[in-house]
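Should a chain be cited, it is by its letter among A, B, C, D, E and F, assigned in written order, with residues numbered from 1 in that chain.
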Amino acid sequence: MPRTIRVINPNSSVTVTQGIDAALAPLRLDGGPAITCHTLHDAPPGIQSEADIIKVLPQLAAFIHAHESDSSAFVIGCFSDPGLAMAREASAHPVLGIGESGMMSALIQGQRAGVIAIQPASIPRHLRSWGAMGVTSRIAGERALGLDVEALADEQRTWDRLLTVGRQLRDEDQADVLILGCAGMPHYQHSLSQALDMPVVEPCRAATGMALTAACLAMQD
Amino acid sequence: MPRTIRVINPNSSVTVTQGIDAALAPLRLDGGPAITCHTLHDAPPGIQSEADIIKVLPQLAAFIHAHESDSSAFVIGCFSDPGLAMAREASAHPVLGIGESGMMSALIQGQRAGVIAIQPASIPRHLRSWGAMGVTSRIAGERALGLDVEALADEQRTWDRLLTVGRQLRDEDQADVLILGCAGMPHYQHSLSQALDMPVVEPCRAATGMALTAACLAMQD
Amino acid sequence: MPRTIRVINPNSSVTVTQGIDAALAPLRLDGGPAITCHTLHDAPPGIQSEADIIKVLPQLAAFIHAHESDSSAFVIGCFSDPGLAMAREASAHPVLGIGESGMMSALIQGQRAGVIAIQPASIPRHLRSWGAMGVTSRIAGERALGLDVEALADEQRTWDRLLTVGRQLRDEDQADVLILGCAGMPHYQHSLSQALDMPVVEPCRAATGMALTAACLAMQD
Amino acid sequence: MPRTIRVINPNSSVTVTQGIDAALAPLRLDGGPAITCHTLHDAPPGIQSEADIIKVLPQLAAFIHAHESDSSAFVIGCFSDPGLAMAREASAHPVLGIGESGMMSALIQGQRAGVIAIQPASIPRHLRSWGAMGVTSRIAGERALGLDVEALADEQRTWDRLLTVGRQLRDEDQADVLILGCAGMPHYQHSLSQALDMPVVEPCRAATGMALTAACLAMQD
Amino acid sequence: MPRTIRVINPNSSVTVTQGIDAALAPLRLDGGPAITCHTLHDAPPGIQSEADIIKVLPQLAAFIHAHESDSSAFVIGCFSDPGLAMAREASAHPVLGIGESGMMSALIQGQRAGVIAIQPASIPRHLRSWGAMGVTSRIAGERALGLDVEALADEQRTWDRLLTVGRQLRDEDQADVLILGCAGMPHYQHSLSQALDMPVVEPCRAATGMALTAACLAMQD
Amino acid sequence: MPRTIRVINPNSSVTVTQGIDAALAPLRLDGGPAITCHTLHDAPPGIQSEADIIKVLPQLAAFIHAHESDSSAFVIGCFSDPGLAMAREASAHPVLGIGESGMMSALIQGQRAGVIAIQPASIPRHLRSWGAMGVTSRIAGERALGLDVEALADEQRTWDRLLTVGRQLRDEDQADVLILGCAGMPHYQHSLSQALDMPVVEPCRAATGMALTAACLAMQD
């Protein structure tokens, strides 16, 4: 009997967790592993700084330790992939980071990836990640919405910025695939892809899909 | 109702197709897409040269054209990814190449990928692919078994070479993940991973897993 | 006695072949190899898609096979270098692709190369080539004229776009050498170089020059 | 009056802290900033795993917060640069990581850097760092001593391994500068450089030197 | 007793030498090495061309030869690092180039470096240097003030261009650290950093700081 | 009437100049430019150090100045490309360096280039060049013969080392094309290529061939 893929939203926003949960519905297949989404309730409400990342790590470690025996894979649902190396060291199961998985998925869907960050301050952190992944030459550009948590709650305003920034990445930076650089925007994926006529990667889906494959294959061996 | 993922073995070896078919069993889930494997019967018995690649392309194009309407994704089951760009241009569905997907999958499972080719002559072709993917700095090395089709039929001899070459990639080239650079060796994956104590990527499984994700997500939108 | 360098225009446009032929006049030297230009008459009128490339490959292979014994080198006169690896495998003579040769020639004439493509759809294919060549860091940018075959026949309109796109590559992307990303524009090379005050590489000339060197040196050994 | 450069040994080994402290003597100049070395007493005895890194981060954050007002620069004395981005976000002063500073210092002293790690498990983590720094093409290789804490206490055995691994990096990997990939080996720097006739970078000294420059320049402005 | 760090201004402008000399005051510490600045009086008034570089080299070699015995380190105070490899071959002491040191220093202060050149013609030369250093992927961009020697003497005009070009590098090219690509502008460093709210590296200070560290450490051994 | 390609041997060894001269015979075509080889008689007998390079530059500049009006192209016949940027700045004609041209020519003949240097001390200098050219990822390796001028005069000994080093580059480093990293070995090119069954680039021929093309094309415009 297939065990469970656990998708961890490493902030305390239940709304974000619910959004991820809804977005993963198409990957829940009869006969496939269960896919559950979890909120780290004592974590910060959002992860926007290096300090936030540090706060999250012990709870993430505790979650993985607690669920090692009843899980088949873990997904860390923050685009900065906090604790990814730690989690892989700690767990015998596949661990996917949505930043890494989102990027690898994008590289299969286009030749030049454009990344939409929420805040400008995250971009250098992401650039270090792309460098660590060795894929810098495939990045068309990364641009930020520049919206804080409050502004993100305004869906029209967020949508307008997504369109503007997506067009800049496509037309000025020559991206031919976009990545939503945040776990909280799956509901914009389809519309943005339609509006800009190009593939848009939603990283939680990308990572959970990879976890699904890994979990299925691990069951066999 | 989910349509079918079609995995195309672009050579005429039914044995290879059967091996792929068996290997993909864990990815066939109730409620998920069907996964069928197809032999290009008029293709060469194996794809070991640039001339072989050219022979295969028109048949590949014809297959995709014929199955566009009853498929949800295509997988091209040759490690050199013949016709990948053509197929993506021709089809509205996701098209996965096992070379590209195998590499992206490996980059998530280790920091330095070692590739096991069948013949030395394939290595420059693969190196051009890694360059086109922009991931050259992640390649620990690529080494060939140096076995022809006849020798590959000798399982003990093939296993001995897999062990030898895998150890060289691990110990001399510092690979921490291996990729089987051929569609015809899924049955060695598990044993090789056990024997060398490191992840081994079987590229047909990697690509079909990505096709599974893509097919499921496409159904939703 | 010097044998012949054969420049293959892999589309069926005799006008393009004639333009290449005229452009190569300065490389026809007494005592040097003959340089003849050939049209693949059953090929598409232009190569603008992956499907076009596939159509061209068998004819290209046949041409090389037919002329192996009476040639000293082959030049494939399409900027996407279709069949280059195949032709090199098939022939004992030097085979030059105008995309590869054009790029290598540009890298000697400037530090940052700007590429002028005809259609935007070709750019990802070219980017994969630059990656496979390992020279991505030397590319200032690639921009497309965005003109179809009919529009290209309008010389004034083509010239205006060449000027506009060349200036963008020079002034916005900081290219200090340009490459005409197509076999059909040798007659613009000199004027564009004068107008923009920078070197402009015409790839058929670049590749045929390399074939000339290779043919002369091979005769000696 | 110059304030203090604080060098943080983020493990609880007082011996290591004392070794660093002694090694920094030449950088303590009259009229220059004080240089003090600090042990994180509640940290693990050594940092050899991702789990160790996580344990260290909150204490590191607390130390920086506590000393922000009486410091002019911070040095994080662990070769994996734990918490470097966090510390830079938290402090208005320069923060140097010995991994990053050691590498940048080596790149000025040779063309190809060879890194001596303590444990093989650290190498992938370091490789991600070199990728994030964008300097992968300058790395000749990284090899591990493969000694645990107990074995490292045996100075003869450690010296023998340093010689062996240093020679491999120099002779097989063509390194022309070495980096000691650990804060605990400054007393071997001079002898190893003499024995192998090549520059050897001790990363605590490299980072503290950079902190010295930064602190002096900041005082002026 | 500490010997002297000699900073060589390899042009004949005494004004530039004096500017460097003043800028290095904070690095002159009691108990530290003396830091003296020297003009190559027979050199060109500025180094703006390849021809200028060649003129400077014999004098540079002569200076190093003459001062080898009474120096502890040399700094070559021209951003193109003329004669750096020669000087390192000729001297047993550390030799720092302000171009190389400025870049390495910037890579520690930001993720993407923006370089402010004086003349456009210097940019290709600098790009070759960044390539030789293997750090091309960390360069956000390089832009030139486009001011000749006379115009540089007009401080208001120079300041206006510094602001304009710095803003372009920050806002259009996404640089998060700037480098003054010339030895003659230390007095603008602090104001530019304040005005643009980002770190600005003055390369003579960066290189002399590295020389200070090297000189102090060499004294010990 | 075609003017002359001047190949400059920037050392004082007439034997080397004569060897180059003989090697270029196949590129002297009726109706093509004359190709003459020149010795810089006041230069060092060989260029093996950075000091040697500096000595050569003023004479090289003088030669180019003296022959600007009666030349159609210049070739600098030293593998370290001394003065290449200077010469390009000084001359209105094409200037080719045998290091750069040899590398670009090799990249067309194989996927991974192996370089045979004379002395180990040249390798870091060459590596900086490959970096400046942006082609580091295409270099399989560079190894030195380790023979001084006297030893190089012993042809049997030189041949033995060429075979040994060539085999190491081919078999251990996986080069599929070799470059003779010196102007003085054209007479070994053919035999080495035969013995190792792989292409071997002789850089004087490669550069002069590129000069031939450039000279012919320039005559037309």
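In the analysis below, a residue touches a chain if its C-beta (ideal position, glycine included) is under 8 Å from a C-beta of that chain, and two chains touch if they have at least 3 such contacts.
In this text the structure is predicted, and so the values were computed from the model without any measurement.
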| item | value |
| --- | --- |
| Intersection of the contact lists for subunit D and subunit F | B, E |
| Touch-network distance, subunit B to subunit F, counted in steps | 1 |
| Set of chains adjacent to subunit C and to subunit E | A, F |
| Same-interface partner of D-F, chosen from the options A-B, C-F or B-F, over half of the pairs matching | B-F |
| Centre-to-centre distance between subunit D and subunit C (centres being mean Cα positions), rounded to whole Å | 51 |
| Whole-Å gap between the CA centroids of subunit A and subunit C | 42 |
| Contacts with two or more other chains, residues of subunit B listed in rising order | 128, 131, 133-134, 136-137 |
| Listing of all chain pairs that touch each other, if any do | A-B, A-C, A-D, A-E, B-C, B-D, B-F, C-E, C-F, D-E, D-F, E-F |
| Residues of subunit B that touch subunit D when the two form their complex | 110-112, 137, 174, 176 |
| Subunit C - residues contacting subunit A, complex | 123-124, 127-128, 131, 136-137, 141 |
| List of subunit C residues in touch with subunit F within their complex | 25-27, 29-32, 96, 100-101, 104-105, 107-108, 133-138, 190, 205-206, 209-210, 212-214, 216-217, 219-221 |
| Parts of subunit D lying in touch with subunit A, wherever the complex brings them together | 49-51, 53-54, 57-58, 61, 83, 85-86, 88-90, 125, 128-129, 131-134, 136 |
